[in-house]
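The structure under discussion appears below in the form of structure tokens.
As written, the chains take the letters A, B, C and D, and residue 1 is the first residue of each chain.
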Amino acid sequence: MLLKTLREEVLEANLELVRRGLVLYTFGNASGVDREEGLVVIKPSGVDYDDLRPEHMVVTDLQGKIVEGSLRPSSDLDTHTLLYREFAEIGAVVHTHSEFATSFAQAGMAIPALGTTHADYFHGPVPVSEPLTDAAIEGRYVYETGLAIVARFKGKDPVDPMAVPACLVAGHAPFVWGKDAHDAAHNAVVLEAVARMAFRTLTLRAECAGVSQALLDRHYLRKHGQNATYGQA
Amino acid sequence: MLLKTLREEVLEANLELVRRGLVLYTFGNASGVDREEGLVVIKPSGVDYDDLRPEHMVVTDLQGKIVEGSLRPSSDLDTHTLLYREFAEIGAVVHTHSEFATSFAQAGMAIPALGTTHADYFHGPVPVSEPLTDAAIEGRYVYETGLAIVARFKGKDPVDPMAVPACLVAGHAPFVWGKDAHDAAHNAVVLEAVARMAFRTLTLRAECAGVSQALLDRHYLRKHGQNATYGQA
Amino acid sequence: MLLKTLREEVLEANLELVRRGLVLYTFGNASGVDREEGLVVIKPSGVDYDDLRPEHMVVTDLQGKIVEGSLRPSSDLDTHTLLYREFAEIGAVVHTHSEFATSFAQAGMAIPALGTTHADYFHGPVPVSEPLTDAAIEGRYVYETGLAIVARFKGKDPVDPMAVPACLVAGHAPFVWGKDAHDAAHNAVVLEAVARMAFRTLTLRAECAGVSQALLDRHYLRKHGQNATYGQA
Amino acid sequence: MLLKTLREEVLEANLELVRRGLVLYTFGNASGVDREEGLVVIKPSGVDYDDLRPEHMVVTDLQGKIVEGSLRPSSDLDTHTLLYREFAEIGAVVHTHSEFATSFAQAGMAIPALGTTHADYFHGPVPVSEPLTDAAIEGRYVYETGLAIVARFKGKDPVDPMAVPACLVAGHAPFVWGKDAHDAAHNAVVLEAVARMAFRTLTLRAECAGVSQALLDRHYLRKHGQNATYGQA
């Protein structure tokens, strides 16, 4: 993929977050990766969305070293690059403080799989990371945030990051990913809709058990995998 | 009715769902039936609403066999056609994941008749179907979804589908119908408003008893039936 | 006041309800009264707001007899005219199914005076009427709705309709009034905002006691009465 | 700073409150201070936002005596001027009845620090003032409102007004401030977002403990102070 195309896709993903009401002021960022070149393209920090142009995107290597760009990258860069290094199949990462997903993160609660809307995108609950220790917060905080996500997906209760492309960071907000920038932004938008509905479902029935594994499988697999039947071939 | 007119009406119903905020991305579909010709017109699967034209609508027979159209029909087609076969008086079906109605469906709760807004459109609670068995989910899932709706309306606690033109599918979302595509979309929009208000009413007073049968009758019958007094004659 | 001016004011009040999101489709109506001529101007029933023109407004006498206009008046006419006959100082009536006020009406709960926003407009709780008997519902239902409002304001726990210009009809929705059509629509918009905040306040603290009588008096009197200090003289 | 520039900044802050949905009709006001000249610029009372021009802003001294302007100043002027006299570092004050922050104020509850969005702007809970006594309400009410805020920040459980630039007035609504008018309006918008998320977090988990002091410190200090790493240098 041409770096120019990736810059445009990453910008477009950032703008989609704004259009869908997921970010207030500059509370969000999206990045994409070029696996062949080993390059990450990410939004600059604290620039108004109205002013963003493809050439403002910052290019770094997978360690976060700036390769191109005169602006400072998003302050969450070290989380993005760690996710690219640890989750080999993902092509883009999105971070927002979208309000309902963030409310679950603040409550330290996973978003349970309560319906088929959820199952179409997330093949099980959207997990929440363990709270960071004080030492982690006072140390390489942004990198430690990434470590907490990776620990949740690769730890003793493992989750496939391609089957559940999102994690709530406890006390913070969601990180979401996908096969490319468009897909990651789309997943972030759906995550927020799923969180809104989970919030209301739990308000109506706190002990709601959620959908069966059979329903989870059916919905997830009709949109993903070799036998997908949704959309145009 | 000319098939051309039905295509336009079905497209317009799909667009009304978008304008009223009932669908996110491509999470919804509307269809209509021409009873004389035995033909169903339905939205294609996974096409952006911005790009939809009347000629994109897919035409099938009442068994779901494609008669006209080069696009794949909505993946929910088998639910729509079953409803047309079983509910002889309906002229159109709408399916959305509108958020509050879906939250009731996820909680497995009917929407109780708590006020006159509800009574103007639904002559009793909006029922919820029984959860599908694993065998049904793993079998002809979309058809089984339709069967679950029909079982709820024609089973041991029957409901007249013309008096209550909607059903919540447990763990999934609402299906709504009406005498034509405009009417079905209108009912889907009102169902979501009624669900929002029921959610808030139950939050304020969990044990809320709902309106009397006399009020249900009065409001429903003033908008429907031979002695309707609402609107212009 | 010229009838032409009153038609325009009543139309404008109806449109304000739409602009502020208080009505869905045709779920609302506003009217105004010319006390000197004994004439009421009211929205016609079930006409799309986009198509409403001043000449569509229906003119009746205070008994609801049509004096001018070829369209059928709002189906709630008999409530409006009764309020004009019983509350001698009001100049306009608005009825909506605005969602949070309606949720309190469906729960059969008054909206308590929980803050200064409320106190600026309503000098005490916004009351809820008694449920109608089956006989009342099956009889002159719309007129009986008006009687229930009047009974609540003039009964054993009386309320001054000019100090609290709104009533929730149990199981139905709010009726709101004011000195003229602009004022009544404004009160309906504020009532809905006050209901939204009361809903959230009670969710946060169910036993919230509400503001003191001293605060109620201070806020209400700084916007109303001879010593008002708000706005430009 | 030129007074002309301050008038424009104060107008712009008022308009930002409208654009972000924080004020309904005329329920809000913003002011700014010129510390060198000892002058306060504030919105006039009860004027439609659509009609506001820089020249309509009212100029007073720090005691609230009008120096320039033919319109009556905001009825909350005495609260603003007291905050300028007591909090020597603030450059602007904003007052709104934004709905979720107001719901916390009505419930008499501080907004706890439940996540990093909060911590980026408020270095601890957003406190709520003590209810005013009847004597205070019946006396110099607007001035007493300011005294209650100051008592909360300078009393036995003191809060640094530059680290927590907002206070909820019990039974009323928030007052927010900042280093200039743009900053104060921005803080008011974020306060409302933080209140929305706190409301939902507490609904999900009433006993939510909130973030650690280490996380509070980390987020607050990365946006504020000498070692800030957010945004462009």
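Criterion: a contact is a pair of C-beta atoms (placed from the backbone, for glycine too) under 8 Å apart; a residue touches a chain by one contact, two chains touch by 3 or more.
Not measured: the values here are computed from a predicted model.
Asks: Which chains are shared contacts of subunit A and subunit B?
Replies: Output, common partners of subunit A and subunit B: nil, no chain qualifies.
Asks: Treat touching chains as neighbours and tell me the shortest step distance from subunit B to subunit D.
Replies: 2
Asks: As a test of understanding: of all chains, whose mean C-alpha position lies farthest from that of subunit C?
Replies: The most remote chain is A.
Asks: Note the rotational component of the Cα superposition from subunit C to subunit D, reported as an angle of 0 to 180 degrees in steps of 5.
Replies: Rounded to 5 degrees, the superposing rotation is 90 degrees.
Asks: Copies subunit A and subunit D touch; is their interface built from the same residue numbers (over half shared) or different ones?
Replies: Both copies, subunit A as well as subunit D, present different residues to each other, with under half of the numbers appearing on both sides.
Asks: Roughly how far is subunit B from subunit C, centre to centre by C-alpha average, rounded to an integer in Å?
Replies: From the centre of subunit B to the centre of subunit C is 33 Å.
Asks: Calculate how many whole Å lie between the centre of subunit A and the centre of subunit C, each centre taken as the average of the chain's C-alpha atoms.
Replies: 47
Asks: Of all the residues in subunit A, which ones touch at least 2 other chains?
Replies: 203
Asks: So that we know how the chains sit together, what is the shape of their touch graph: line, ring, star, complete or other?
Replies: Graph shape here is a ring: one loop, exactly two partners per chain.
Asks: Okay, in this complex, where on subunit B does subunit A touch?
Replies: Residue list for subunit B touching subunit A: 24-27, 44-47, 71-72, 75, 97, 99-100, 102-109, 131-132, 134, 137-138, 141, 171-173, 199, 202-203.
Asks: Which stretch or stretches of subunit C touch subunit D in the complex?
Replies: Listed in rising order, the residues of subunit C that touch subunit D are 114-117, 186, 189-190, 193, 196-198, 200-201, 203-205, 208, 210-212, 214-215, 218, 222, 229-233.
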